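In what follows, chain A forms one complex with chain B and a second complex with chain C.
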Partner chain A sequence: MESIYYSLVNIVGEEYVSNQKEELFIYSQDSGMMDPHEPNFVVLPKSTEEVEKIVKLSNIEKIPIVVAGGALSLSGLTIPHQGGIILDLIRMDKVLEVNDNSRYAIIEAGVTTGKLKAYLERNHPELRFSMPDAPPAATVVGNIVIHGQGRLSQQYGFNSDMVTGLEVVLPNGEVCKIGSGSVSPYWFAIAPLPNLAGLFLGWYGTTGIITQLGIKLYPKKKLRDVEVFLVEEPKLVPDVVQRVTFTEMPEDIFIGAQPYPPAYKDLIMIGICITGDTEEELEFKRKLIWDALRPHIDSKEGGFMVMTPEIKQELLEIPSSSTTRFADVLKGGGFEYCGPIIPVEKFPEAYKKLLEISSKYSLTYGSIGRVIGRSHCMMFTFGYPFNRADSKNIEITKRALYDANVASLEIGGVPWKPEVPAQKLIMEKMDKNTLKLMQSMKNFLDPNRIMNPGNWEV
Partner chain B sequence: MFFNLKSFIKRMSLKMGQLKFDKQLCFTCSTYDCLVKCQYLDIDREKARPEIMRMIKGEDSFVLHDCTTCYACEEYCTRGNHPFFLITDLQEQLDILPAPKPLTTQWINMTEPTRKDIPQFYGATEPAITLCVFPEHIPAVNESKLFNELSIIIGRYFFCQLVYLHLGKPSITRERLVKVIEHIGNHEFKELVCFHDECYSTFTTYASAYSIDVPFKPVHLFEYLYSKLKHYEDQISPLNIKVAYQRPCSSRLTPKMEHYVDDIFELIGVERVSREYTGQNSLCCASVIRIQQKYDLFKDNQRKNVEDMVKAGAEYCVFNCPMCYSSLSEAVTKKGIQPIMMHELCQIAIGEKKLRK
Partner chain C sequence: MSDYATQIHRCFRCGYCKFPSNFIDFNCPSYKRFKFESYSTGGRLWLLWAWLRNEIEWSEHLSEILFSCVTCRNCVEFCPMKFKEDIVDWIVSIRSVMVEQGKVLPKVSEFLNNIYRDGNPWGFPRNKRDAWVNNKDRYSTNDEYLFFVGCVGSYEPRGQEMAKSFMKLLDTANQSYGILGTDEECDGNEAYMLGEKGLFKELAQKNIEKFEKYKVKKIVTLSPHSFNIMKNKYSGLKNIEIVHYTQLLHDMIQNQKISFSTRKTKVTYHDPCYLGRYNGVYEIPREILENIPGVDLVEMPRNRENSFCCGGGSGNFVYDLLGRSEDSPSIIRVREAYETGAEFLIVTCPSCKMMLDDAIKKEGLEKELFVKDLSEFLLATMKQGIINMGSNI
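Then we have the complex of A and B:
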């Protein structure tokens, strides 16, 4: 191990390698439920070349390598289950290019969502990207790798659908470009080439290390507003979403349910964000959405909530700080959720399961989901805050999380950014030939099995 | 010695629940102003009479379905009857929901006291002010000499519950109001300043209409502010601004207090602009119209209201009710009119705050 340490020092410099207890402790866990496991080294490379050398070293030494961005997945995806090297890419934080005309940005893998947002606001105020509601310390690449969603996902799909190009360090240490950037200086799209980006998205760093990302940017309208439609009956939610998405007016649709504060008890909130450059444009969109939901209003089964300007401001905040506040509602800094991607029509079943599981374990809950695409699917959350200082509470929450994963699969959904036990549940249900293909890909790309072992272990 | 709850509830159960409504006053009415003057119903005297007669008999009427619950008919009736309370009671009896069920549920849950409200429950001493459920105004009360010496009671244990008249659930108002009065009664106040007009109207007109005893004297905020301003009259600098006043719906229950608006404006050197929608002809802030999901009416009502303020040359829009403020502040701001609460305007007049231009 000592020789590995010095080899790493040679690559990145002494200041950016650590095998000290305090650093190893920090990188041994996230805020979720997975058991901690310490790495042997924490390394902060500054360039693709350094990453390349570290990967080559890992192959020689057969030591695991786990890439971390913000390490905020909550599902232990950056916990080094088998030790090894944690590669924190946070120093690779340059916005390399913004193409105003073709509306994309090329960024390094350590660029956080907060940094890209601030950069665009300062230098390209007419452009935006699909910002997730993760804390702003989350990296854009981290969010892409887990098929994250953001404020523009209702319009344009998963954030990973917005990738225009990649630079990847393969498990053998070779560097390659994916997409138009592999044949042109312009990183405008993955198409029309074979879609090799799929070899790296959703694999949680088990097939390679993304060092640069091309990502689509979108027009940023001057004004935003939000309406919240309330229903009591979960069975109405799919129809509400159908009607609202049919208008093609919303920027974003989120669906929430929580027992506290009392104003939200027994209600399902469907938040509908709209944008416009003028008040008239906003009003046009707002009116279309009201008209689309008129049948539910006339039946008295649904209606638009009256909001104070403060509540509106909170709902329009990007990223939403209320999500983070809810995450620590029980104090003790623990929060975990199972966020399956489900067909929208399965919302009523998912909601029922959420209540059943919460009741079974006497847990408080919060559910905030997001429509992805024009009702193509949605992310639903079984969210459970817990007290990290309370071992009994942790154990109960773990069981609830497991039940939520089982329930998600039972209703026809797929757990999103699943922790290792949930990955196993998914693979048990997966088509056998698909599993075989996954295994072949991993064997082909990473024959030494050094890349984030423990995850997607077929 | 604490307020005797058991005795209070026993007395209340014997008396409470029955609206003091004199049918004879309607039979002999020659104007039917309660409906004819309504700004939201298209109804003349000829059509009004049979509708009123239907409602008196407890029968359905289109009025019960189309009512925006703006309270104004209580004021339009010059004979002291309670047409609005009759309407809300009938809506509940006939299961007519003015707003969608989820919004009704939300409001019912929202004001149910929780354990979090308990810290606000004890310790207030006279003289006191109830801030209803608007904690955002605590700093103003704590920091201003207009309110010094007043201890605050606040939170859902003291919320007057009148809002359910907008939602066709007046029985909830009455059921909870008895408990609210009990909570206040526990403090044995002789007087209580009501920050929110709605609390004052509840403890006076509404409680009286249903024979609910109120063991303290409610004091309207404007009456209180006027007397304090008189006390600090030598410190007042005339503001020399033009304002519009947004009348809250509940003020329709206590029109006799309206003169304090002009009294205060005169004292602090504020010109109340001449408007079409003022006094009895005031327009509602439209918050409730939105809750009722009458979107076009909501937009039209706010547009007319704000355009009228602009046309009259108002620079500021003065509010008593925080809900009205919340509903209209964005709309008036977009038209270049500054929203401001009445107590803030008074603080500015005595030099505690600066005017926002």
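Then we have the complex of A and C:
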């Protein structure tokens, strides 16, 4: 291990390699509930060239590599289950290019969602990207790699659908460009080439290391507003979503439920965000949405919530810090969720399961989901705060999450950014030939099995 | 268990504390400098919780991580959680545990020992504390203000320039004041922030006794560190008004006791953490600058509550744990100031002045950007020919 340490020092410099127990401890875990496992080294490369050299070294030494951005998946996707090298790409933090006409940006893998937001606001105020509600320390690439969703996902799909190009360090250390950037200086699209981006999205770093990303940008309207439609009956939710998405007016649709404060108990909140350049445009969109929901209002099955300016402001905040505050509900510093992607029509079943599991384990809960595409699917949340200082509470919450993963698959959904046990559940249910294809791809790309081992292990 | 031990695990390590409000860059000085998660506030709190639970052992590296926090309060400002106000107190409390157990870095230990032995962090002789000033009368009960100079103002040449400039402005305004000279003790802000609460109490008590002995009614401090600790942590000063020198200057200008000539130049202003985030004094220095005819005040992208610390807090203006890198906070800050196109980087804290002045030299910007304390800048402005402009402040 000593020779590996000095090799790493030669690549990135002494200041950016640590084998001290403090760094090994911190990078052995994330804020979720997966058991920790220490790496042997934490390394902070500054460039693709350095990543390339580290990967080549890892192949020689047969030592695992796990890439971390903000390490905020909560599901342990950056925990080095078999030790090895953690690559924290936070020093690769440049916004390399913004193309105003073709509306894309090229960024390095360590650029945080917060930084890209700030960069665009300062330099290209007419453009935005689909910012997730993860804390601003989450990296854009990290969010893409896990098929994250953001504020524009209702309009344009998963954030990983917004990829226009990649630079990837393959497991053998070769650097490869994906998309139009492989034949042109312009990173405008993956098409019309074979979609090789799929070899790296959703694989959690088991097939290569994304070092640069091309990402779509979208027009940023001057005004935003939010309305919240309330229903008590979960079975109404799919219809509400159908009606609202049919108007094609919303920017974002999120669906929330929580037992506290008591006034919110048994209410399902459907947040509908709209944008526009003028008040007239907003009013026009508001009217279409109200008209679409008129039958539910007239039947008194649902209605729009009267909101204080403070509540509106909180709902419009990007990213939503209230999502993060959920971790302090029990004053325990922990928050974990199972967030399956489900068909929207399965919302009532998912909601029922949420209540059943919470009741079974006597846990409080929070659920905040997001419609993806024009009702093509949605992310549903079985969210549980937990107390990091209470091992019994942690154990119970782990069991609830396991049940939530099982329930998600039972109702026809697929757990999103699944932790290793949930990955196993998914693979047990997966078409055998699909599984075989996954295994073949991994064997082909990473014959030495050095890339984030433990994840997607067929 | 004491409060911090039962609360510290509440940090989720979300990372909001790394940023300013607009996320423009990392704003936690130690995280920005080292980039390892362990140097972020969240990483630090998780490590300390692990140490308190005996999950990891103490090491010099752990101590270095703990003491590299400059207590700039960025984390308090931007943490989204309800416990945010307690974060620095947790850090300070755990430092106290390490100090009690003798588990601190040699540099920190030397810093504290020097204060204990000599009343200043460098270990200069006590009887030289007033060597910078000639024939200045000591404070007497007839004086309106006690001018508390502090350690940097007393011993460090750049701090001394500040103190002298401020005193000239006081003299110009016929403001009565006096200093304690060799009777002055270290203010104790750094001792407190480093967790040496016993030493802090002793220093505070000695200063309070002097204030009582001289029947002090008003204190004006040169350093925001002194201002902060006296205002917020000295118990028993209820009947004494504490102001920072910028506040007194503001009053003097308002009352037309000093006025300026026109000076065409561009300046930018660096908010000291102990004046800004700790005490909410953001606008007064700006109002002074904006009211000097010809002065164009341009803001750095990170200003006011978003300001990026110079890296000098918690004793780092002496031992500089965050130094020796192009990512050192002071280096980054002077680059940011330079990019505004300003000719002068105006400061209101002697520690900031030291840190940023050193950084300008390291960056080779000595001929393009000048660090000046507000008093020095005002004095130079007056020297060009006083025209009684009155004041719009």
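One rule holds for everything that comes next: the second predicted complex is superposed on the first by the 458 of 458 C-alpha atoms of A that agree within 3 Å, B and C clash if a C-alpha of one lies under 4 Å from a C-alpha of the other, contacts with A are read in each partner's own complex, and residues count from 1 in each chain.
Keep in mind that, in the parts below, a contact is a pair of C-beta atoms (placed from the backbone, for glycine too) under 8 Å apart; a residue touches a chain by one contact, two chains touch by 3 or more.
Nothing here was measured: the structure is a model prediction, and the numbers come from that model.
With the two structures aligned on chain A, chain B fits next to chain C without clashing. In the superposed three-chain model, the partner touching more residues of chain A is C, compared with the other of chain B and chain C. After overlaying the two complexes on the shared chain, residue contacts for A:309 are found with chain B alone; chain C is out of touch. For the combined model, the angle formed at the CA centre of chain A by lines to the CA centres of chain B and chain C equals 70 degrees after rounding to the nearest 10.
Of the two partner chains, neither chain B nor chain C is touched by A:288. Of the two partner chains, chain C is the only one touched by A:21; chain B is not. In the superposed model, A:262 lies in contact with chain B only, and not with chain C. In the overlay built on the shared chain, the residue A:121 is in contact with chain C alone; chain B does not reach it.
Of the two partner chains, neither chain B nor chain C is touched by A:445.
With chain A used as the common frame, chain B approaches chain C to a shortest CA-CA distance of 15 Å. Interface residues of chain C, counted against chain A in their complex, comprise 6-7, 9-16, 18-19, 22-25, 34-38, 43, 46-47, 50, 55-57, 59, 61-62, 65, 80-83, 301, 325. Across the complex, chain A meets chain C through its residues 15-16, 18, 20-23, 25-27, 31, 42, 44, 70-72, 88, 90-91, 112, 114-115, 117-119, 121-122, 135-138, 321-322, 324-325, 327-328, 331-335, 387-389.
Of all residues in chain B, those touching chain A in their complex are 97, 99-103, 105-106, 109-110, 112, 114, 287, 290-291, 293, 295, 326-327, 329-330, 334.
Looking at the complex, you find that chain A touches chain B at residues 230-232, 261-267, 279, 287, 290, 296-297, 300-306, 308-309.
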